[in-house]
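The following blocks contain the structures, represented as structure tokens.
Here come two complexes built around subunit A, the first alongside subunit B, the second alongside subunit C.
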Partner chain A sequence: MAFISSGYDPKEPMKNRITDIGPKKFDEFYPPVIAKNKGKWLYHEILEPGILVHVAEGGDEVYTVRCGGARIMTTSLIREICEIAEKHCDGYLRFTTRNNIEFMVDDKSKVDALKKDLAGRKFAGGSFKFPIGGTGAGITNIVHTQGWIHCHTPATDASGTVKATMDEVFSDFQNMRLPAPLRISMACCLNMCGAVHCSDIAILGYHRKPPMLDHEYLDKLCEIPLAIAACPTGAIKPTKVDLPSGETVKSVAVNNERCMFCGNCYTMCPSLPLADKDGDGIVLMAGGKVSNRISEPKFSKVVVAFLPNEVPRWPQMTDTIKKMIEAYAADAKKYERLGEWAERIGWERFFEKCELPFTHHLIDDFRDPAYYTWRQSTQFKF
Partner chain B sequence: MATIEFKGKEFDVDEDGFITDYKQWNQEWVEYVKEQEGIDELTDEHHLVVKVLQEYYEKNGIAPMVRVLSKLTKMKLKHIYELFPSGPGKGACKMAGLPKPTGCV
Partner chain C sequence: MMKHETPLLDQLESGPWPSFVSDLKAEAEKRAKNEENIEFQIPSDVVEDLLGVLELSFKDGTTHWKHGGIVGVFGYGGGVIGRYCDQPNAFPGVAHFHTMRVAQPGGKFYTTKYLKDLCDLWDLRGSGITNMHGSTGDIIFLGTTTPQLEEVFFELTHRMGQDLGGSGSNLRTPADCIGQARCEYACYDTQALCYDLTMEYQDELHRPAFPYKFKFKFDGCPNGCVASIARADMSFIGTWKDDIKIDQEAVAAYVGGEFPSNAGAHAGRDWGAFDIQKEVVDLCPTNCMKYEGGKLEINNRECVRCMHCINVMPRALKIGDDKGLSILVGAKAPILDGAQMGSLLVPFIKCEEPYDEIKEVIEKVWDWWMEEGKNRERLGELIKRQGFQKLLEMTEIDPDPRMVSEPRSNPYIFWKEEEVEGGWDRDINEFRKHHLR
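Let's turn to the complex of A and B:
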């Protein structure tokens, strides 16, 4: 397409430049009933999976219909969301912190039409565009990252693994049969963008091979001290290398025995790539939470050291997740999050009930704090 | 990687317009970046920032932290942005011929 100017003049980039105006203020986009009753809500109820009602002091009610979103969306889909909002909600809508979409109406009579409209919309391939659910003690949307769509350090894909997992647990998105909400998160490398370190179940991209060294370009493209300082285990040291051309260049040497494939050095230095088709895969973690309800927030813990990348449906990964969810659903007490359940029954029972193998990879060996994760007690079950 | 020619000199640059070899840096490159970055006129202050960056890079092998750059040039960050509208990373480091900033930028 031919170039169409927005009015910006590249010869005078600072002319008419508007900066530091920040985002639009949130209350510009309040539905009238929300604006009117802000700070005056009395109570709320979950009427059915995906549908909430909030009642205000004056008796005003607002009905919220929550539906799943794929997070990565086209503008056509956004337009369709807007069209639904125009039709049922006077043009108002919002997105949740787990990237679900919420449509709000101020009268019960409007809920059924909205529900029917949303449930009837499907993509050509057959999947629901706007599945209603994600409330209460079920499984809501998966917080995830960029994966092979856009990032350069991933060890697995984000949208692919998430779609495979949500398909597997879809009935729990539209149901509230679990003991407590179960949060699943996904990050495609251990930068852990998002919530994997604090989720009930977490999917994490993982490498198993040390970086390859591109000596010819390393000193040109990288600030070598940064690559050295990026390593959490001190596996990288500076060195000089003779190239086949006879030239001696500055570079780094990686002690493969000390490398644990975190990929931090590649983040800092483009000449240290480490992605590998067979080496890369997935780690599963479990038992994290962020709320302070009953027990304090917890980190999730590694429970499966490695599962291969099985494009495009990751069957081993989804099977393992399903196994954990079923064991938890069958055994945990009401209100008990997955981490609380595992800690109450003991992690050895968790592995037994979830039928997961326990391998040496799961034993912490990172610096002094590793010691505190070992068992300094005679309290255990056979 | 692309090669560009400017005032009779050749430079290997990446897709973001950083030179891929610090050794190729020269005054023509500064002129070239000046046009790319929308800088009206090169002042002594521009040259000072470039000189400080290069001296720090040659001595330490890394680009200085923003606070260090501020301290060494005795310029506030706001003033560095006035000199280099794209900022110390994309503007000044590019002009000085330093490697492209990495990490979660």
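Let's turn to the complex of A and C:
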């Protein structure tokens, strides 16, 4: 392969350089019906799972067909999305915050052909390319992180856990039978690039072993004071270590009992890796939300402290998620989010109804926030 | 024929949900055939090697990506994330596999022309693999080699009028909800504000000068579709001050079953006939509504604008006319000091170009955080460490009961010397004249 120059000249990097131009302006990409009616929308309705209509003051309508998708996608798939958008939507489309793809048409008569086209497209392995759904009181696409496919700190895979979960809850992607929307999110380590800490159900990759110490390289690769300062529990201190070669090097010592396995030290210092086949796995959290609707936004709570990484389909994880969803679907009131339901019935009932064991790991012991989660009352349920 | 056996990953091809494995395999085959004779600027078997290394991770239960690495484009400190494989001999195609963050347009609307131009660029100079989109909102180009970084940047800026996003200790690419583009709830133009602030703060976005990452997110209403309240150091959430507008005829149509409640969101189950008392009035968090004699009344002064009644009857209830936004600060995920939700700093501010009032708040917050924030300390952690009162002092915003869910229950008030009459210097000898030792 011959190197193809774009015009960039490494000898003169500043020549013709364009910087700080930002993203494309949003309104260059508005479909005409959106451009015309922006700020003038009257109401919307979900006509069926995955199909929305928005009606404007002047009577214009836009019909949206929402499809789920794996967030990691190839240019071939994007080209196929473009082909669909050109065929049905005059070359416009959008993505949602939860990585769904939305195809919009300005007339109801165009919806059926679009739906049929989307539903008929499948991958060679048999899965849908563009399943329609993800609206209303159901489950929409899972926002997630990179996992083993591209990240240096994950405790699990992201795309794999998400595929396994979405396969299991697929009927609720294409249905709206739940009491309220149920948002599942996934983050492959405590860094939580996926911000799963406020989701109805959260899948969280977690490490359980303190970092290993690569003494021979530590001082060469890392700023020791930064690694020490990075530890939120003060578990790391400087030390000197005698290598087998007889050389004495500067390094660090870790107080393992204080380690909460956050991996922050590893982020600052590559010589402190903590990933491990047996140590790593999944934490499940539940009951969070970001909406202000009825009750205030809530954090997700840890409901399963650890499940192993059972590749490739994480069956214990998906079974537990399904159990929670079914208990919620059967017991919650209309409009009640999973966390609101848990608070109404009480967490003691939540564990009972979801058939989840309550273990000592679920009692908070991290700093001040812990105190506010202990019960200071005799009001409890047997 | 794939370069590597992937028995574990192959099991992720079945099932209804779109399989990333199938997608990647098809891409690998396409690159191997290369029917369009593209002069790939990075190894053509990059996708096969990515599948190979992922299979190895499934087998080993750990990642095989090395820690970071300093790469980027000239003059920027963010936008590119270095990534190297720790098994380069087995998977040479992904030995160097850097990420580029491409700043996404507001609301994530696209034309196919633009997307196809991106695809052409990424097929030629990268792996052909993307994230649509990353968690922060950017378009993610996944996997290229160091010599291609400047080339990709040059083509993005010169041919597409398109910039990179943020990474590292800087302003991360701001992200917004769909807003007024297609939502009747949006209380301000999220895209316009997001774009304006993104352009205003390009320097902060591309040249890390902050203690740690800083995120702006823009929600058009309290429903919070971009989750700003949970993940943005500064959340801009649309709201209004005046009365919810009621169309009593439309209310009657909901009660009569002509319009589906909650915009049809509950159609998957028979919940029985719509009961306005039970489903709207009784669920109002402030009990500020009543439905009597076929008429819905709202005591708007007591309303906290939770959106529930509007969500249930979007054709009958509309947000008010006196619109603006609330600014909340300090949300973050748990690392390092535990999760924090955004705290209300500005209850209401008008959202009007050129947004000077909003920028004034932002810049005062930044001045304080850049002066006082420790390395890797998020704004929310600084607010906890130095106190909300310090934040008010630095931003020159007056205290307001809206900022707390309750006043303090401990009386350990840190009075300042200037707040106490006569100050703190006293004369012990004067004191002793009246108080024996």
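Keep in mind that, in the parts below, the second predicted complex is superposed on the first by the 382 of 382 C-alpha atoms of A that agree within 3 Å, B and C clash if a C-alpha of one lies under 4 Å from a C-alpha of the other, contacts with A are read in each partner's own complex, and residues count from 1 in each chain.
Here is the rule we go by: contacts are C-beta pairs under 8 Å (C-beta built on N, C-alpha and C of every residue); 3 or more make two chains touch, one makes a residue touch a chain.
What you are looking at is a predicted structure, and each value in this text was computed from that prediction instead of being measured.
Engineer: Which partner does A:251 reach: the first (subunit B), the second (subunit C), both, or neither?
Structural biologist: neither
Engineer: Touching A:191 in the superposition: subunit B (first), subunit C (second), both, neither?
Structural biologist: It touches subunit B and subunit C both.
Engineer: After superposition on the shared chain, which partner residues are touched by A:225: those of subunit B (first), subunit C (second), both, or neither?
Structural biologist: The first partner, subunit B, only.
Engineer: After lining up the shared chain so the two structures overlap, which partner does A:217 touch, if you call subunit B first and subunit C second: first, second, both or neither?
Structural biologist: First partner only, subunit B.
Engineer: State whether A:12 touches subunit B only (first), subunit C only (second), both chains, or neither.
Structural biologist: Once the two structures are laid over each other on A, A:12 reaches subunit B alone.
Engineer: Look at A:318 in the shared chain and tell me whether it touches subunit B only, subunit C only, both, or neither; answer first, second, both or neither.
Structural biologist: A:318 contacts neither subunit B nor subunit C.
Engineer: Which partner does A:100 reach: the first (subunit B), the second (subunit C), both, or neither?
Structural biologist: In the superposed model, A:100 contacts neither subunit B nor subunit C.
Engineer: Determine, for the superposed model, which of the two partners subunit B and subunit C contacts more residues of subunit A.
Structural biologist: Of subunit B and subunit C, more residues of subunit A lie in contact with C.
Engineer: Name the residues of subunit A shared by its contacts with subunit B and its contacts with subunit C.
Structural biologist: The overlap between the subunit B and subunit C interfaces on subunit A comprises residues 10, 13-14, 191, 226, 270.
Engineer: Give every residue of subunit B touching subunit A within the complex, in rising order.
Structural biologist: Those in contact with subunit A are residues 20-22, 38, 57, 60-63, 85, 98-100, 102-104.
Engineer: Which stretch or stretches of subunit A touch subunit B in the complex?
Structural biologist: Answer in residue numbers: 10-14, 191, 217, 220-226, 267-270.
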